[in-house]
Every structure is written in structure tokens, then in C-alpha cells.
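Each structure below is given as C-alpha cells.
Across the two complexes that follow, chain A remains constant while its partner is chain B and subsequently chain C.
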Partner chain A sequence: MTFGVRSATARFGDTVALDNVTVDVPSGMVVAVVGGDGAGKSTLLRALTGEVPLDTGAVQAPPKQDLGYLPASSGSWAALSVTQNIDFVGGIYGLKGEALAVRRAELLERAKLTGAADRLASQLSGGMRRKLGFSMAIVHEPSLLVLDEPSTGVDPVSRIDLWRLVSEAAATGTAVIMSTTYLDEAERAAHLVVLDGGRVLVQGSYDEVRAGFTGAITRSDQPVRAEWSWRRGRDRREYWPDTDPPPGATIVQPDLEDIIIALSLRRRAARPLS
Partner chain B sequence: MTGVLVRADAVTHRFGRFVAVDRVSMQVRPGEVVGLLGANGAGKTTLIRMLLGLLATDAGRVELLGGPPDLEHRRRLGYVPQNLGLYRDLTVLENLTFIARCYGADVPRLPAEMEPYSRALVQDLPLGIQRQAAFIAALSHSPELLLLDEPTSGVDALARASLWDTIRGESDRGIGVLVTTHYMQEAQQCDRLLLMSNGRVVAEGSESDIVGSTTALAVRTDDWAKAFAALNAADAPVVLVGRAIRVADTEPAELRRILAAAGIEANIEPVPATIEERMLVLARESEAA
Partner chain C sequence: MGAMIIKEFRELGRDRRTLAMLIVMPLLLLVIFGYAANFNVSTVKAAVVGPQAEQLAAQLPSFFDVTVTEPSSTQSDAEALLQDNKVDVAFVSGQTPTRALVDGSNLFAAQSIVSALNKAGESVQTQVLYNPELKTSWVMVPAIIGLILTFIGVIITSIGLVRERETGTLEQLAVMPIKPSTVILGKITPYFLLASLDMLIVTLLGIMLFGVPFNGSPFAFALGAGIFLFVVLGLGVLISTVSHTAGQAIQTALLLLLPQILLSGMIFPLDAMAAGVRWIGYLLPLTYFVVISQGILLRGASLASLWYAYVILTVMAVVVFTGATLRFRRDLAPGGRAEADSTEPVAAEAASAR
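Presenting the complex of A and B:
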């Protein structure tokens, strides 16, 4: 089963939040959506959950009872305990009694939250709270899981733990789409989508994105064209989209960060910001 | 000042019986960008609060800009907190004017690309522009040391590059920078990293110093979903990369045993570890100790 959006455009007043975006989310795959504030990540996810109506285009998503959603805000109730949070959401999906107890125990064990079962959500660390939110989003074993920035603000060690939970969902056949501001997570996903100003800047597996990148990136301490350059550590990088770099220049193998910056510069050069 | 902007000598801070920071020594020199990394609860914030003199040391000593970390020395540093520290219901210009006056400094001139936003309310601006404004505010009194808490959280790659242009420009002029971050891309921008876990500094140096020759194991198998489930159930620190699996901190023999027990044939190969995997291993070690 493949979910997703096709030629999706969504406007809020004069703002085009999504501009002709097509993204597939197949079962058993993690799709990572990256981009900055205002890139359209949340709008894309909320189009999939049915919260944002599209102006044009189509959404392919399961019915609500077969869809799991972790919002960017919190995803749990601060004044309820870990157990109460899971039981409440489980109850909404019709789980009760022994079935609910079994499911709860399994979820807490996987998220390593068993020892924190009686703690209030407000007393959990940021990473633990996101793992609780994740557990609540999958309580009913949805076939599509939509996670809005599950790892933002979460420290790198807890983030690996969270990624393990996300991977586990995909490994058992769930279609997962998650937004993130961390490029290392995008590199790890089976499919990554880079959004910029509501449009898809590039998408594919990390290998495909690297293979499809055209032009050269060089490293120096004195760029030739400042408007095509950016800082990486003590050196600068410079992008040569159409022309060969000057002879003798040091060409680098770009990583995802370099590729996204280079493509963003090219887009801005093609259509200047008003 | 002997070429050190801020120095901690074996500083310790306890909350009751909990040792939040345990005999940490560190320093930031002029022109240097130092990254502070660690899990939540590792002690980063407590350390910074001691460096700023906002929290007393239970043992050890802090020297800030050649003296004790008091108000007089604090005014010579610039600070960009995670929530930016701008008044959201004032304009950019009003914020800059107010902050410059607090420090008795001249109101900074806005760079050309920021000029169109000068009379807009902070709350109406994109996050990347808000962050630029917070940087300009923090730099208005020409500080000698810059303290940044997650400086590029939530902005896109281009805006992040532009903020790092500013940070690196300052360090080229001799300012020292201490930055906390959860972004590995940002860690790679630093000259030197300090890795904290459970109140201690567990590793120090450049990214390649910290990762060194440590390896993780890459597992390739057609049955990736089953292999992932088996390794995960065995509590191995497993990371799924596309359809490949990486495992940190596990012996190849142990890995083979787990996979064989689950009836999975796989190709196991050591690969250079990432800094995250190294952090994970160091955090597990310091927890076990």
C-alpha cells in the first residue's frame, strides 16, 4: 500500500504553503521531510491527516482510525501519567481491559518507559516525552504514521533511540512520514524530501540525491563569487552550477548539507525573491 | 588575561545528592569556536550557568574574561539564548535600540539584507530573520566572548549557513565562541568539541579526534526487517539507514550469534563510526561506570 499526495497545492490567503508537491509514502518505508521554518513541512503532513484541505491535487491516506499522528506541539497531556496518556488514547480506539494492558506494556517496554509508567508527562525529559507521544500515535497499529518533528530539540543520544522506534514501525510494515530539521536523519531515511518555500527542492534516497546532483562544489578560503559561497568550518564552499570551476580548485564530495545549500542558491538565482 | 576568555578548573555543582557537573575543566581562547555536546541532563546548562556566575560552584573555580564571573565581566560577553531573548511585540529596530542602550553601546547598523525588516514586529518575521536579529543584538556591544544556545534550531540550511558566516566572521576577528548544539552539521563547524555525559567531559577535540578509528558494524541482508527486529530485541544499539542496518558498541561475534539464533544470513562489515555513534557509546560507558 502506498499513501501520499499528488500535485498538492495548498494556499492560506496569499501564501502558497504547498506548491504542486507529489510525495509517495509506501508501506515499510521511512520518508523524511526536511526544510526550515515555513518550508511547508507541517502543511504537507497535515494534508495527509486531512487537517489541511488542498486547493488542488489529491491525497491518498487511510481513514482516521487507521492513521497515527504525532503533532509538533507535544502529543501527550502534561497533567496525566504515562499510563493514563496511553490508556486514554487506547480507549478512543476501542482498546480496553486485557488487550489494552498488553498493548500498553508492549509499547512502554519498546520505548524504555516501563520504569516511568506512573510519572506525569510533565515530569519527563524532552526525549522521553516525545517517545511517549510516539507510543500514543501507534497505539492502534496504524498503517500510516505521520510524525511532525518528533526529534526537534531532542538530544543526539535520545534521538538515536527515537529513530530506533521509527525504524521498528517501518520494519513491521507501517508507512512512516516524518518531518525533521536534522539532516542526519534525512540521510538515514529510505526516502528524503527537501522542501523550500512550499516546493520540492529535491527528493529520493540519499544515494539518488547525491547521484542526481549536477555542478561542482569547491573548497577554498577565498571564494571567487561570494553570492555562490557559504561557510563550512574554517573554509568556504563555492558552487559552480553550470560552469567548470577554475583550474586547480579543490573539488569536494558534497554532503547533504552542501547539496541543499547549493540547490537553494540555484533556486534563488533563478527566481529572485521579491 | 593570558589568552583565555573563560576557564573552568575542576568545577563541580551538586543539586542535593545529585552531581550535575563533576570536576569539569575547560577553556575558550580568542578566535576559537568550541562546541558543547551531550544528552539532556549531561550537565551542559549547569556548566554554562556556572561559567556565567549565575550558579555557584561547589568546588573548583571559574574565571571569566580575566576575573570572577560577576556582572562587570558578564557585560563583556554576548549571549543568544535558545528562545532568542527578543521582545516579540517590539520591532527589530526597537529591540536593537533597547538592548544597545542597556549596554551603553551605539545602536548597530543593520546589514542591507536586514533593512527591509527593521520596522517589522519580531513576531511577524520568519525564524531565520529573527535569529539574525538576535545575533546583531548580541554583538552590538562588541563582546569578547559569544555564548550561543542552539543557535540555528529550526532554520533551513541556507539560513543556517548564513548564521555560521556571522559566527565565523566574529571568531576571525578574535572573539571566542562557545556553542551548545544538537546538530551534527553544526558540531562540524566547530574547531573543538567537548562531549559531556553524566556531568563529566567524556571526550574532547576535533570531530576526527573524538571518532578516531572507532568503528560501527554494517549489516547487509535481504531480510533487513527481520534482522532489525532480532537485533533490536537483543537490545543492541541499532540504527536503520535506508534498508541497511548499523550497530554501534557490539562485538562482531556477538552480532553473528544474535543473527544466527534468529536464522538470518547477513554480511557484517566494520565501517568508520559517526560522531553520533561515538556519543552513544561514550554515554553508555559513562552510565555503566
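Presenting the complex of A and C:
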């Protein structure tokens, strides 16, 4: 089963949040959506959950019973305990009695939250709260799991835990689509979608994205063309989309961050702001 | 300092609700206290019964607005008119001295009537019914019950719902296989039960501490309170749909609560208000609950005699609740994928142009 959106366009007033976006989310695969603020990441995810109606295009998503969602907010009820949060969501999906108890124990153990089962969600650390939210999103073993920035603001150890949970969900056949601001996370996804200004800049596996990247990126202290350069650490990068870099320039192997910035610059150069 | 002041004005300019409170509230208070805050009743509705009803009615000063003159009626008929809140005072002629029966549940009118009748000396024997000692607490406790229900329904409910929006859990509920109406019912049922418990406690304490009588049917009272609760809970839901934060919800709820306290007849008698302001009172649900509550507790009024208050509250409940549910549904299912029973994947195709 493959979920996703086809030729999706969504507008909020005069703002085009999604512009002819097509993304497939096959079962058992993790699709990472990356992009800057206002790129359309959340809109894409919320189109899949049915929260954002499309102006044009189509959404292929499971019914609500089969959809799991972790919003960008906490994803849990602060005044309920960890157990009560899972029980509440499990109850809505029809889990009860022994089945719910078994599923709850399994989720808490996998999320390393067994020791915090009786703590209020408001008393959990940010990372623990996101893991609780994730556990609540998969309590009913959904076919499609939609995660809106699950690891933003989470400590590095909890991020590893969260990524493990995401991978485990995909391994059981769940189609996972997640937005993230961490490019190292995106690189680990089977398929990544780079959005910019509501449009898909590039998508594919990390290897495919790198292989499909055209032009050259150089490293220098003084860029030749400021509008095509950006700072990375102590030095600057410069993108040469159509022309060869000047002789003697140091060409670097671009990573995902370089590729995304370079493609964004190319798109903006092609569509200058009016 | 200057930058701070400019920043504050800019923020205030974008906070329309606070601006509304700053502008509307003083105007509201001015209008209410100017036109409504009046304890002096200028005229009272009167009935005159008994053999000399016609002659007696003709002799009464203009303070008594005689709306019923029935020579063939008796004292028990007069009491029925008072119990049904048709008149504030009933004169029973044909005996010396003439007997005047006063409705004590309408406190300010009763005080004015007693004061006027005292000037007539021993030619009139005055008897105050339903609140013989004209105790303020007897009139206030039934109204306070309504105020407490309003407080819980409007403020507490709206805060509870807005908290879901603030913390983002409303978004989570929106994607779950749960109908908007179920969410609303699930959210308001605890408040309905708690408000009912509060109502029971306040009523019992009113009876025990202040000796407030409960002369009418508990069923009629519970029915009126139940319908009224639906109205105020609906208002709470409605407020939550136009508020993004708990602070906004409280501001909006206060804008609704204040007129109910001042214009429902709970403090200032409706009859003593200027006509324009009185009509605002007639649009407020608490006005009708006060009528039901005071009528049942003090006068032992029947459901049939209070039918109009029940009907108006029911209409209000239907209108407010329908509006609240529709707005809440829009928040919960904006994408139109509210179906909860389908097991097939949903392929939603948008129209080419909307």
C-alpha cells in the first residue's frame, strides 16, 4: 500500500503553502520531509491527516482508524499520567482490557518509559514527552504514521531513541512520513523530500539526491558572487550551477545541507521576488 | 521607555479583545448603572377581587397598575394570580379591613408595595406571601444558583476546551476516529455533572443556612436547571471556538457574564429598568432561570405557569448549541474527513477550483 499526495496545491489566502506537490509514502518506508520555515512541511503532513483541505490534487490516506499522528506540539495531555494518556488514546481506537494492558506495557518498554508510567506528562522531560506522544500515535498500529518534527528540541540521546522507534515502526510495515529540521535524520530516511516555498526542490533517497545534483560547490574565504554563497562553519561555500568554478577553487563534495541550500538558491534565482 | 510605550500600544492595537474590553466595558457599565441600576419600582401590577372589586380598583392610586378586576373571584383565586407571577399584589375586597396579598418573591416591588400600603393605615391588612420577612437572601439564593451554573458553564467550560487548542491536543483529537459531537459531549458532560452537583450543594446550603423554602416541584426545578445548563455550556463551547488562549476565553466570558449579573433581574428589578436596557435583559438566559428558580423555590409555581421561561430557554439551548457544535465541527474537521466508520483507504480528490 502506498499513501501520499498527488499534484497537491493548498492555499491560505494569497499564500501558496503547497504548489503541485506529489509525494509517495509506501508501506515500510520512512519518508523525511525537510525544508526551512514556511517550506510547507506541516501543511503537507496535515493534508495527509485531512486537517488541511487541498485546493487541487488528491490525497491517498487510510481512514482515521488506521492513521497515527504526532503533532508538532507536545502530543500528550499534560494533566494525565503516562499510563492514562496511552489508555485514553487506546480507548478511542477500541483497545480495552487485557489487549490494552499488553499493548501499553509493550509501548512503554520500547520507549523506555516503564519507570515513568505513573508520572504526569507535564512532569516528563521534552524527550520523554515526545516518546510518549509517539507511543500514543502508534498505539493502534496504524498503516500510516505522520510525525510532525518529532525530534525538535529533544536531547541527542532521546533523538536516537525516537529514531529507533521510528525505524521499528517502519520495519513492521507502517508507512512513515516525518518532517524534521535535522538533516542528519533526513539522510537516514529511505526517501527524503526537500520542500522550499511550498514546492518540491528535490526528492529521492539520499544517494539519489546526491547523484542527481548538478553543478559544483566550492569552498573559499572570499566568495566571487555573494548571492550564490553561504557560510558553513569558518569558511564559505559557493554554488556554480551552470558554469565551471574558477581555476584553483577548492571543490567540495556536497552534503545534504549544501545541496538543499544550493537548490534553494537556484530556485530563487529562477523565480526572483517581485 | 518610549520604545516600551510604543511597543505596548502596538500590541494593544492588535489585541482586539482587550481593546473591546477597554472600550465596551466602560460603556456597558455606564449604560447599565445609568439606566438599570434602579431599586425604585414606579408601578406594580395589581389584581382586585371580591364583591367591591370595581369600586376598590377605582380608588387605588396610580402606583397600582390594576390589570385584573374580578368581582366574582375569591382570595384563593388571588393567591393563584400571585403564585403564577401574573401580579405583584392582590386586593381582596368585601371584608374590613381590605386584605392585600403581596408577592414577597419580587423583593423590591414587595418593599415598595408594603411601604405604600403602610400609608393607608388600618384600612388595609397587608399579608406578604412567599417571603414574609422580605429577606434578601431568600430572593438571592435562587438567583445565585443560576449565577454559579453560568460561571461553570461559560468560564470553566470554555477554558477547558481552549486548553486543548493551546496545547495542540485538539489537533490530535481532530485526526482520531472520534466525531466532533462526541468530543463536545465528552468535554461538557463532566462540567454538566459538576455544575449539577454544585447546584445541589448550593440549593441545600441555601435551605439549611438561610432557611430558603423549596415550595415547588424538584422535577420542574431540575428540568429548568438542566435546560439552562445546556444554554450556558453551549455558550462556553461557542466562546472556546472564538478564543485561542485561556486569557481570551476569560475575557470573552466576562463580557457575557457581567450583563447577566446586572441585567437578569437578579440584582436590579427588570420592571424598574429603562425599556431599552430591560430588553437586553430579556435576551439573557439567566433572566429566565431566575424566573424559574425564584418561582419554584419561593412561590411553588407550577411548570405550566412558567412555561414561557422553559420554552425560551429551550430555544436558546437549541440555537446556541447548534451554533457551537457547527463552529467546533469546523475546527475539528476542516479537511472534511470526519468519517469514522470507513475501513477503506481514503482517496480525497479536491475540486479543480474552489
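Keep in mind that, in the parts below, the second predicted complex is superposed on the first by the 274 of 274 C-alpha atoms of A that agree within 3 Å, B and C clash if a C-alpha of one lies under 4 Å from a C-alpha of the other, contacts with A are read in each partner's own complex, and residues count from 1 in each chain.
The rule is short, and it goes like this: contacts are C-beta pairs under 8 Å (C-beta built on N, C-alpha and C of every residue); 3 or more make two chains touch, one makes a residue touch a chain.
Treat the numbers as computed from the prediction; the structure is a model and nothing was measured.
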First, second, both or neither for A:F3, with chain B first and chain C second: second
Partner chain(s) touched by A:L100 [first = chain B, second = chain C, both, neither]: neither
Which superposed partner A:A78 touches (first chain B, second chain C, both, neither): second
Chain B versus chain C as contact partner of A:D155, first or second or both or neither: first
First, second, both or neither for A:Q65, with chain B first and chain C second: second
Which of chain B and chain C A:G50 touches, first, second, both or neither: second
Touching partner for A:V252 - first (chain B), second (chain C), both, neither: neither
Chain B versus chain C, judged by how many residues of chain A each one touches: B
Touching partner for A:I260 - first (chain B), second (chain C), both, neither: first
Contacting residues of chain C [partner chain A, same complex]: 167-169, 171-172, 174-178, 333-337, 339-340, 342-354
Chain A to chain B touching residues, read off their complex: 28, 30, 35-39, 125-127, 152-160, 163-164, 167-168, 170-173, 181-184, 187-190, 196, 205-207, 230-234, 257, 260-261, 264-265, 268
Interface residues, chain B side, partner chain A - complex: 37-42, 126-128, 150, 153-162, 164-165, 168, 182-185, 188-191, 224-225, 228-229, 232, 237-243, 274, 276-277, 279-280, 283
Chain C contact footprint on chain A (complex, rising order): 1, 3, 46-47, 49-67, 69, 71-78, 89, 92-93, 146
